[in-house]
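Several structures are given next for inspection.
Look for chain A in each of the two complexes below; its partner is chain B in the first and chain C in the second.
== the complex of A and B ==
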């Protein structure tokens, strides 16, 4: 099936005018599959880390949300060890008015503001709730260990 | 309709005219009534089908909340300048988006269209259609010989039949116009022809030019030509006659058939009286001769039948009839017997000596048994005979009725006379008795009032109530009345 005009336009814009700290490039053999990198936001435990993600646009896109997953290990209460992300706009809060760029910006924001009250990785969330400083320390260690260039 | 989302816009459209779902300028812009957001109609319908929320602010949204956008929005997007989608094929055209459809339909030279010639299914660019029409094998062209309109692809076939083209005679190899070929073959000297006498048996066949030169002088049938001519004319006249005769036979057969049908219908009408000629001759006279002599057969057939078949006896005269009745039967029955029975009884009386079945029927004891009032029809005679028999029967019946009437009259008269006499005698008797009574009353009065009548008082005592005198008593006065024709019986009441 031909690629919808919208996906082509989004791809062109992501490449030509990328959001700060975010890159996204489609695979040559599958234009619905993107390699994504997100820089850890400044002032967060993930600062200076570069996180790799994969993003896939399903057939129903933009009526269905894109599927996004962290490939880089990350110590974050809303991201489990398989890289799955707990983010409402990737699930029930998806809207066809959203796009790849907004999704990636939301993920970047999630790194700045972890939300342990809606956890996916329960042990990490517990750690963040009980001892945020120590948890942030672990996050920094993981970032240094797995996400440094 | 082409997909509007795939169009290229000459200038980047205003971002306010972009649908957030397809990221292209609106197609059929549709605005939500609840939150006033605008989308392409197809896009928002699809989105609401997936999730009933506005894609922009997530407020609840149903299909009913969708309405066409403000016409201004529609005009703005319709007037956006777009490139022809066939730009890659070579069309340089740009136009307002709303005019694009017309351009594609009629004007764009780079649209693929089918060849307009009948039977050609080739698809080609509109701009190439003129070029193709000159070479299309389905185009109509004119035959340069006869001028007929022929499909280019059929031209070769046409040339092979066209009368304006030359053809080769297959016998003499001459090149001749096809229109003249027929005439040529009729005269071509090389054509193989049979001998003119082939019908009479000559088996020769050869080129036409050899016929008159070589064959005819030597043909054995040539010398018999005259005979064959006469013979042929005779045969033909015979066959014509034969045909005429056949027709006549057919007509006659038709008439015979019609007659047969008529005959059949007559047979049906005549019913049992129909006898074929053969049956009639075989039985002529037989019943007429035998029946009168053989009374057992007579009984078998039935009295009336026997009579009909036999010599009919003359209708009996009334006196005869009376004699028979008086002799044979009580007086009552003959009145109620049909005339047939009367005839029968007479016949039986005379033929009693013959015995047989008839005796039983004629026996007085059997009289009261019901006899057949009307005899069955005799089917063995002709219709005419039956009619004659019936007529005779009617005559007999009339005579019987007549005699019965007369007899009735006589009997009535007799009876009347007798009753009149009796009445007269009774009148006398009553008169005598009245006188006697009167006398008695007088006597009594005399006894009561005085000594008037001493004659009868000595014997009769005083009686309070007058009682009729017993007949044994001596009459005390001389009888006044004349003696009655008969004396009343002792018990007669007055």
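== the complex of A and C ==
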């Protein structure tokens, strides 16, 4: 099945004009599968970390959202051990007008603003709610340990 | 290489009318030499002044921001510790629309500061000045020098008047005629320059409008080249007819669209990419302009009308003109910066920072009065590039303004939802089948309500008229997709069967 025009256009722009702190490159043998890196935002406990993710565009895309997962271990209340991300636009708030670029920017923003009230990793969320400073310290440690280049 | 040489060489590459309005860099340099000579004869040789900087407490550069009441704030820090200090102040006053630089020698006890000069007449107000604290014994040396060199001032001697500023009777005011000539030449050059640039801008716009008119007359939509065969879309019309533009209808629409697309993509003057956003350097502009010319070389052969070819030449010339203006403006601001730097270096009279401020982010009464910094808040080349973007490029509708956000192709046929957003009919059909109710743009629950009455016929006509090829292709693609879906519904999934049909 030929790649839809929309995916070709999105890929071209992602490669030619990447968003700051974000890279996304399609696999040669599967143009719907992307290797993604996101730099930890400055001022967050994930600063200086480079996180690897995988992104897959299902057949239904853009009618259904891309599937995105962290490959790098990360201590974040909305990201679980398997790297799954709790983000509304990847689920029920998906809109076909959103793009790979906007999704990745949203994930980058999620690193800056963890939301422990809507947790995926309940233990991390609990830690963040009870002692934010200490939780951030652990996030920094994990960033140092797993996400440094 | 000396800057004056670089500057002169650059001017030679520009059209002669630019040259006539250029900086008299050499003359300004000569004036600086005269200032040095003048200071020398005052016993204030730059080397002497420099030694004051080096040994005295930190030099104070002050300027009065608040010119209306003439209040001067004095950095009392630098005055502390000295019971009785004599200072020499380099100040520039704004007097009857002329910048008058002068030196003020004062011996004042600390109790006199901060000084409130509310009594200064409004015509003579120090705009900025610089303090040079000097050792006590040096002052007598200077005063002696002064007494021995009355000749320099000629009839301006009367200005060295102890009682000129009533509140500081002990102050000696020394006018600096060469310095004044320097600032006069500089300000008059800068103001005539800004006048010249204004003139250039005003001359640019009519050329652009004429060009826009001539291109639009050559790049007509499908309807104008075959007026009889065009029938507007409506619920009742025969749709298969109106998508075909009349045969033999000549228009440079597609070629011009392609040329403009290449121009926008070349991002000649300003980059819009995430990492390098902003105005480009001269070298970058030249490079991207060449790239554009290279890409467009082949396309422009397709221009049918002679007036299109002429218009293209004018278009290229406009871009070259903007490039020249950019070069000229950059060289001039560099010249200003360099000459002021040279002034400071040679005379050791520090030019107060308010004269050097480049951006007018904090416009104050004083900075408005200083003709030195009447630089346009926006660069002229930028304004001209904007004018191209606003006047010229929109005369040919751009496909991006008419594409469906979901499939990224032209939104044909366009369905306008009740919330005002439009998408192509195929994408909305797919959304309805999946019971997706929210508008992809605004999340209003308008998708499921859409029905054939939501077809935007005005937009549809415009698309068929201005994008005949794209609309036709999208229409065919839509039809193929429908057939495919029907086959799939029947259980036939091999795509090849569909092609045979």
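A few comments on the model shown:
In this text, the second predicted complex is superposed on the first by the 149 of 149 C-alpha atoms of A that agree within 3 Å, B and C clash if a C-alpha of one lies under 4 Å from a C-alpha of the other, contacts with A are read in each partner's own complex, and residues count from 1 in each chain.
Criterion: a contact is a pair of C-beta atoms (placed from the backbone, for glycine too) under 8 Å apart; a residue touches a chain by one contact, two chains touch by 3 or more.
Just so you know, these numbers come straight off a predicted model, no measurement behind them.
Within the superposed three-chain model, A:62 lies in touch with chain B and with chain C [touch as defined at top].
In the superposition on chain A, A:113 contacts neither chain B nor chain C.
Of the two partner chains, both chain B and chain C are touched by A:96. Touched by chain B in one complex and by chain C in the other are residues 4-6, 9-10, 62-63, 95-97 of chain A. Interface of chain B with chain A (complex): residues 5-6, 20-24, 43, 46-47, 50-51, 53-56, 58. By the touch criterion stated above, chain A contacts chain B in their complex at residues 4-6, 9-10, 60, 62-64, 93-97, 99. Taken in their complex, chain A has these residues touching chain C: 1, 4-6, 9-10, 16-20, 62-63, 95-98. Of all the residues in chain C, the ones that touch chain A in their complex are 273-275, 405-409, 427, 430-431, 434, 436, 438, 440-441, 443, 495.
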